[in-house]
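Input: structures, listed below.
Note that chain A is present in both complexes that follow, paired respectively with chain B and with chain C.
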Partner chain A sequence: MPKIDTSLFEIGTLDRLAAGNTVVHALDPRAKLVATLAFILTVVSFGRYEVAALLPLLVFPLALSIQAQIPGPYLLRKLLIASPFAVMVGMFNPLLDQTVLLHVVGTNVTGGWVSFVAILLRFALTVTAALVLIATTGFAQVCMALTRLGTPRIFATQLLFLYRYIFVLTEEGLRMSRARALRSFGHRGTGLKIYGFMLGQLLLRTMDRAGRIHRAMLCRGFDGEVRLNRHLRWRRKDMLFVCGWLGFFALARVFNLPQELGQMLLKVIP
Partner chain B sequence: MSHHIVEVQDLRFAYPDGHEALSGISFRIHHGESVAIVGANGAGKSTLLLHLNGCLVPKQGMVRIGDFPLTEKTLPDVRRTVGMVFQDPDDQLFMPTVYDDVAFGPLNLGLPFDEVDARVRSALATVGGEHLAKRPPYRLSGGEKRAVAIATVLSMSPNILVLDEPTSNLDPRARRNLITLLHGFEHTKIIATHDLDMVMDLCDRTIVMHQGHILADGPTREIFDDDRLLDEGHLERPLSLR
Partner chain C sequence: MHMADALISPAVGGIMWATTAGLIAHCSRKISTTLEGSRVPLMGVLGAFIFAAQMINFTIPATGSSGHLGGGAILAILLGPHAAFLTIASVLTIQSLFFADGGILALGCNIFNLGFWPCFVAYPFIYKAITGQNPSRGRIVTGAVLASIAGLQLGAFSVVMETVVSGISELPFETFVMLMQPIHLAIGLVEGLVTAAVVTFVWKARPEILSMARGVAVRTAPSFNGVVTGLAVAALVTGGALSWFASAHPDGLEWSMAKVSGKEELDAPADGVHGMLAGIQEKTAFLPDYAFKAPEHEAATPEGEAPAAWPAVDAGTSTAGILGGAMTMLLAGALGLFLKKRQHRA
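Moving on to the complex of A and B:
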């Protein structure tokens, strides 16, 4: 159980990073959000066997995280925590897809392995980009940008509250789990049925709390809109940031940059 | 100043399961008074507080805040007049940062940005929490959370403060700080609590509730000297009076 505790603590690290003061942090949240969404769309639009063509896109998360001084080991750790999902998705590809696509140094590389690598790469790219977005912008600002860009308000409010109360909820769950552990001996008292009761309890408590929070909000004049006392300013550098990156994504999508580069080199070196 | 009066007349309330939490409560609290509401668990204290700014609607009887009776129409005015501090600060602090939380009420009042900013700063300064402005609320200590929860209400400049168990879960130092803070307020204060020593420090008048009724309403000192009354209300003489 302490694992959940520490990984939540890491969410706190994300908040701390978001309070940084670099060129990337200073950009308008909307600019970063748009660029990141475009990046993710570009990445997932590639075909299942394309690996080399994806590589130039690594520049986006790399450049941003270096500029914003986001520690690489931290990003890698986060990536590893989430990686089992991607591995599960692609796990059977090498077994199912046995068509040989390439010959590398005498060994046959099957389509399954290529698509597996492509899945992992796409996963790494998209998750890192999302992490960098939050680490340079902050969750609340991302939600604010979402609303400004026309996402339904209720959706952004939900996200905001999810982020705020995940700590309270986990703490409540941990307390319950601790109370159970103290009064269960050996395997008795740890069965699935007890977990069912505990989950039910947690749901009821959460609903109670939701009621109380709503009441507290009404007391302070809540009318369906969560307002933040911040101005967003769209400046020229935001425009440049968005246009520059969007242009690069389009380039990387239309041309297979590594291939073109290779051919160019072959032409130059006879 | 009649608009700071809190008046409750023959208030009755039953929960949907039929449990009658308030059975005929009447009292009148004047401008600037500091009143404690004490009584056993389940005596109806919290239910009463929820009526004071319209979180619950009276089934029977009437609540008047200042010049208006509490109705659907006067609700926004009443809520601006009565600042309610809930028992669990985690219920009250729901925004991403302390600043946003304190700004929540004033922004909903439709105040301009600069005015909101000024109010947030002054409310945080009052509770000694300027340095907390950028922190997320879940990272605060119990005492800090409580102070910020009070600031979220102060920023709407209410005339009447209603507090539910303000000293629960606080360490002695934080409790003392809070009492000093509340002492400095000139608002009308209504405090529901089990902390009778705090009542001795803060409130001249005490209302004792028991099973949905008012058992006694009078000067704090007189009430705490009456052992028979305290026993009937499931209370104990505060330490400072033993």
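Moving on to the complex of A and C:
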């Protein structure tokens, strides 16, 4: 889990990036959501030994992030932080799968290494696509797109509330954590008992806050149903965006584009 | 760390997403019809609380490492199963979108693994059964610890199943299970203790919160929970561990057939209906003879060898026992529900 003081910073950065003003930011959030979901499904549908065929799909996150001016090092850093699980599970493949698949420059490459590289590539593609989606769309818009696409309204409301109050509660948690660190001289009071008291206090304050929020909402006319109020217009460029990318994904899935390119080059070069 | 997209096949991801979406729709409907409006901000704020709590660590005494709260059990205790499931789903969604902790396709799997088991299995059948209407400190601790352990074991097992069925990782089932289950036993214990600590604090400081939460949670039929829980635990223990002690000698039928015909099992004709059905059975039996399929290239043991070691400690037998027990209970439960519904209509 991310540390408490850096995580606020992370959510804040994505929020700031989502407030940008490029062509990609102006697209309908539903279009971006559908394209990203289709992208992830395409990547995941490849077989376990296909590495070269995945490479053309790098175009999608690269093009969007460059066009939306999302800093590359930022994406790379988040990718690295998120990688342990995939690396730890995929790491066993080279050990367990010893069947030789290719000969490259005189050395034998086993299936295990090929599938490990494939896992890493799939991981990079899917995670970057999700990050680019949030960095170009913003969380509130994604929730709205989800409701328009059929998610129950109460779940979208829950997501929005959660997002709003994460900032408030993580700040409180950060203050408590810092206070404990200042008084504990390294190890006193960092055990389970004090932790239980701290969390219990935070929880009681949380529930009181929820009561105040509810009364404030009632004072402002809340009647139990949450209405999300924004205009979403589906324009021609959104249709072009979705159809264009979906067509490209289908092409990359059906034809092994790097292989075709390589064969064409071999015919041309004497 | 939650499951990543890179390790899931589209089929597994799609099925788990469909299941999770169905559960979210069901819980949303339940909440909007039964709970009052004050639950809406409470769910959001408690979700943020879990988020904040997950970032504060405490040191575990003997190991020098640190642990933190998971959250499923506490939410179920404070909100009831349906609201807790939605809250956990929302926390995991934000973790996946903002922290890349778990992929979008894998989100369906993660919500199921971390939300369904604590809210709909561990909480009603273990925690509520143990603490009942008048909780005492000992009961809260026991209930929280057992419920957390059970929820995490089931969740970890689901992760293993989803990864193995997807087929992208080469990790064999037994190795993965033997890695995941013990670690999550320890994690479950820690989580149970943390949950117990927080719930005890709330119970001592403001007990009306707990009784209010219990009052709003959906009521199940009284006094069956203890029986069902006892039977389920017995089935788990029997299938998981006691099956190792199953006798290796032939049973009554095989013994009599051996005396009469010299063989323990008769050979069925290899063609016709017998052959076709045997082929089908061979394909569908994923745990033939209550153990894992022996890989084909292993040499077959010669007949008439000395009987195998007893008790036969075997991961395959345990899995067969637990899975068989679980499937039987599910089928029995489904049949019971079906009959009850027919009775209502009659």
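Here is the rule we use: the second predicted complex is superposed on the first by the 220 of 270 C-alpha atoms of A that agree within 3 Å, B and C clash if a C-alpha of one lies under 4 Å from a C-alpha of the other, contacts with A are read in each partner's own complex, and residues count from 1 in each chain.
The rule we apply is simple: a residue touches a chain if its C-beta (ideal position, glycine included) is under 8 Å from a C-beta of that chain, and two chains touch if they have at least 3 such contacts.
Not measured: the values here are computed from a predicted model.
When the shared chain is aligned, no partner comes close enough to touch A:Arg183: not chain B, not chain C. Of the two partner chains placed by the overlay, only chain B lies in contact with A:Arg220; chain C stays clear of it.
With both structures placed on the common chain, the touch criterion links A:Leu199 to chain C but leaves chain B unconnected.
Between chain B and chain C, C contacts the larger number of chain A residues.
By the touch criterion defined above, A:Lys267 reaches neither chain B nor chain C.
Of the two partner chains placed around the shared chain by superposition, chain B and chain C are both touched by A:Val168. Contacts of A:Ala140 after superposition on the shared chain: chain B is touched, whereas chain C is not.
Looking at the shared chain after the overlay, A:Arg16 reaches neither chain B nor chain C.
In the superposed pair of complexes, A:Leu96 makes contact with chain C only, with no contact to chain B.
By the touch criterion defined above, A:Arg236 reaches neither chain B nor chain C. Comparing the two interfaces of chain A, the one with chain B and the one with chain C have residues 139, 160-161, 163-165, 168, 209, 213, 217-218, 222-223, 226 in common. By the touch rule above, chain C contacts chain A in their complex via residues 1-10, 13, 24-25, 28-29, 31-32, 36-38, 40-49, 51-61, 68-69, 86-87, 89-91, 93-94, 96-101, 103-105, 163, 167-172, 193-194, 197-198, 200-202, 205-206, 209. Contacts from chain A toward chain C in the complex involve residues 1-4, 7, 10-11, 14, 36-37, 40-41, 43-45, 48, 78-79, 81-82, 84-86, 89-90, 92-93, 96-97, 112, 115, 119-120, 122-123, 126-127, 129-131, 133-134, 139, 142, 151-155, 157-166, 168-170, 172-173, 176-177, 187, 190-204, 206-207, 209-211, 213-214, 217-218, 222-224, 226. Looking at the complex, you find that chain A touches chain B at residues 12, 15, 19, 138-140, 160-161, 163-165, 167-168, 209, 212-213, 215-223, 226-229, 231. Of all residues in chain B, those touching chain A in their complex are 50, 53, 55, 76, 79-80, 84, 86, 88, 90-92, 94-97, 99-100, 103-105, 107-109, 113, 116-117, 120, 134, 136-139, 152-153, 156.
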